[in-house]
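My structure is below; once you've seen it, I'll send some questions.
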Amino acid sequence: MSGAFVPVERLRDTIADSRLQSAIYTATGRLIEKRASAVSPEVLPDYQDLREQAHRVKRHTLENLDYYLEQLEANATAHGGHVVWCNNGEEVADFILGLAKQRGASLIVKSKSMTTEEIDLNERLEHHHLDAIETDLGEYILQLAHERPYHIVAPALHKTRHEVADLFADRLGVQHDVVIENQTLTARRVLREKFLAAGIGITGANFLVADSGAVVIVENEGNARLTSSAPPIHIAIAGIEKLIPRAQDLAVFLKLLGRSATGQPLTVYTSFLSGPRRPGEVDGPGEFHLVLLDNGRTKLLADAAKRESLFCIRCGACLNHCPVYRKIGGHNYPGTYSGPIGAIITPQYRGVMAHPWLPFASTLCGACAEVCPVKIDIPRLLLDLRSEVVRERSGVERVAFRAFAWLATHPRAYTLVTAMAARLAPRGENGWLRRLPFFARFGALEKWLSQRDIPLPARRSFRKYWRARAKGGPAA
Amino acid sequence: MTRGQVAVFVTCVVDQLFPQVGIAMVEVLGRLGYSVHFRERQTCCGQPAFNSGYRDEARRLARYFLDVFRDAEFIVIPSGSCTSMVTHHFAELLPADPTVPEVASRTWEFSRFLLEVARVEDVGARYEGSVTYHDSCHALRELSIHDGPRRLLANVRGLELREMDATTECCGFGGTFSVKFPDVSGAMARTKIDSILRTKAHTVVSADCSCLMQLQGAMRRAGVGMRTMHLAEVLASR
Amino acid sequence: MSREAILERVRTALGRKPGDVPTGPPPVYLSQTGRTTEQRIAAFTVALESLAGRAVRCSSPAVARATVNAMIAGKHAIASLSSYLHELQIAAEVPDAAVYREACAAADVGITSADYALADTGTLVLFSDAEESRLVSLLPPRHIAVVPVSRLIDSLDDLLGRVPLPADATSSMVFITGPSRTADIEQILVRGVHGPGDVTVVLVDD
């Protein structure tokens, strides 16, 4: 039964934690409202056209990815940058460790990047005694707490000011202060020193622009700008799927990204970086390395039906609108990516049987597909993954569905069996039951009853009513 | 003189658990001048099997459905999710079968049938009371059903419609999701119920019995004494 | 090696051969707005002020000089190498190249011009070049940008229409839209996290 591997205890704990439930629901609720205001027909009348354009541009780019990767590399190199191709996280770490050693760099500053989370970059570097300090406030807090991000855009969604005060007092030796502004100033002060002392700055990239050999980084704090401008070396790490063909395509993508993520027409800072500082420029890194990461993306690329999973621009809108995510939060999803996008890509990266329950953790309500800026048809992909799971595994459930399919294609047997069930059903209250007799307390029935009352079969089914009516008997 | 022949597909949930919804729908259609027929061979559209990943079993049920309703003039269904199974997903199961688009084009969700085929917004119904309307997900997102039921309810004499703040949030049923992830499903239902209670309405109405089953079951468990009704039942009220 | 392996996997996944040229991407999608200068100034002001930035309009360079000098009176302010600022004769020190970083880190106020300003979103567009550095608009807690009205255009679409290949001009093109901010802790908004918490744009009629 594909339900057998559900992490029931953990889900139950999360749901029972009312403070956490409130935090998740409120934070996502706010982001839902902000997005809605920013894409309303009054404010952005061509929103649906923009989505369609973004979808098409992404499809075209990914269907010709080799061409655009080579164009990106040629342009980045022409502007003085160095392009590094990495099959996996190990190669990325090896490259950085090698470079750090050669340049004598021991301190690294880092801005938020889900891609680096995906490859556990910080752990790999730490293992070799290289400090990579997170500089995004939420990520910095998580780094001190040794925790994983809770949400693509709001990583420390689950932390309270008291927890942050405790953390800072304990790990930074500062006075215990629950005022959020002061906590932010503390982080600013501590991290400012790091920015200015670091030998290497590592960022991710929201987009890779093929015709410019450039990376585009969006943010609100300023730490990505500092990370890419203060240290003498800048390394940008990005999955190969982040490509867009032209700088001019940013008009569409930037418009969709900010609005879908946080309701902002533009984030506070957008950096368009195409290499190390040029002769004559006053400041900026002397070296720029662009790391292109595969780490399984070519596997997803190969599946034409599910290729659109790679269109994702990591806005987080699907998470915010998902009624399941809003109950179970980010930590209950395995892998780096949570929410609906995580539910479709993690099974593809790790194989469906790694977490067979994951594609089923959805009511297929479609809220995600409705808000996805690049029109990924997440419910369809979940259904595809579900059929892959059941193909791998035969069990009681398959037998049940097969039996039902037989019954439902043999109407006389169907009518007989259902009439019998109606007759044998216990009496309830107004047609509903709270508890079943002991011999019926199993499987799906028990699971249903754990949460709500169950309706009993009607004394007279519709088909029985119709039979009677057709024979001229009393109606209704 | 009849306006047309309607073959109702009542759905297995209505047939076995909530027959009064089927009866109400038949009544409304009859009053509008349609000849209504229940083809007794009907059973299930195959949605539970399809959503659970069992494509072969779902395909079998789809073929059966197509056979049962082969030459029907209108097929009317009191459920958005079963309707979208026929109109949106049968094609995925049987891409080369020409009867699929043919039957699909004659398949209608109940409220859309009233508005777009019968072209009525006022069915002469009366229901005294305050009502809040829950948008079921497949109806909303796959069939674009949102304003239609509200227009129908607006014409019910004595009925006061109060919108809840979370009208378009999923009730948590999701077919087998409700028993594979019961804790999450229950929590989703309770969030929905909180929103419903804030309207202080007297009745919850929806156009899909699975949602109503989920909400009613959860409300009963929580000791909430609200009524749930299918849109058809409200429209049949006099 | 990894390069060849990755490209090989990509090509196999897509059924493409080396050298296959794609049949064009979908045409570029850029919107037009078409505002008058006055409308642009108004839109820019509304947008920037809704983000707690400040927009000030000065009717001439002389007024701009006086305005900016008043803003920085008594504060440790530095100016970029912008020739436009130089013409305006803003009373702020231009740091020496050798100590540029330290100067930026120590200053209270950083003054720059801008290559463009975007009316739709209240955005400054800064190209890093011989006149404008990256750090002067980033390290000091307060940023003042003095921009001639002629550089105020409608939107990002407009900018990309005029500058289709920013990489030809600079290694760093940055869009600045209001003060630095975060809501990472309990979703409470705080300004001035890493970048300047105080942003003023002085638009100068020219």
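Quick notes on this structure:
Letters A, B and C mark the chains in the order given here, with residues in each chain numbered from 1 onward.
Basically, a residue touches a chain if its C-beta (ideal position, glycine included) is under 8 Å from a C-beta of that chain, and two chains touch if they have at least 3 such contacts.
Everything quoted here is computed from the prediction, not taken from an experiment.
Located most centrally within the structure is A, per distance between chain CA means and the overall CA mean. Greatest centre-to-centre distance from chain C is found for B, with centres as Cα means. One simple way to say how far apart two chains are is to compare their mean CA positions; for chain A and chain C this gives 30 Å.
Chain B and chain C have CA centres that are 53 Å apart.
For chain A in complex with chain B, the touching residues are 2-3, 6, 8, 11-12, 15, 21, 25, 323-324, 327-328, 357, 360-367, 369-370, 383, 386-391, 397-398, 401-402, 404-405, 407-409, 411, 414-415, 418, 421-422, 432, 434, 443-444, 447-448, 450-458, 460-463, 465-467, 476. Chain C contributes residues 2-3, 5-7, 9-14, 16, 18, 20-22, 25-26, 28-31, 47, 51, 80-81, 97, 100-101, 105, 120-121, 123, 128-130, 132-135, 138-139, 156-157, 160-161, 164-167, 170-188, 190, 192-196 to its touches with chain A in the complex.
Looking at the complex, you find that chain A touches chain C at residues 23, 26-27, 30, 46, 49-50, 53, 56-57, 60-61, 63-67, 69-70, 75, 79-80, 85-87, 91, 135-138, 141, 154-157, 159-161, 164, 180-181, 183-184, 187-188, 191-192, 195-196, 209, 211-214, 220-223, 225-226, 229-230, 240, 245-252, 254-255, 264-278, 280-284, 288, 292, 294, 298-299, 301-302.
Interface of chain B with chain A (complex): residues 10, 12, 14-20, 22-23, 38, 40-44, 46, 48-55, 57, 60-61, 64, 137-138, 140-142, 168-170, 172-189, 191, 213-214, 216-218, 220-221.
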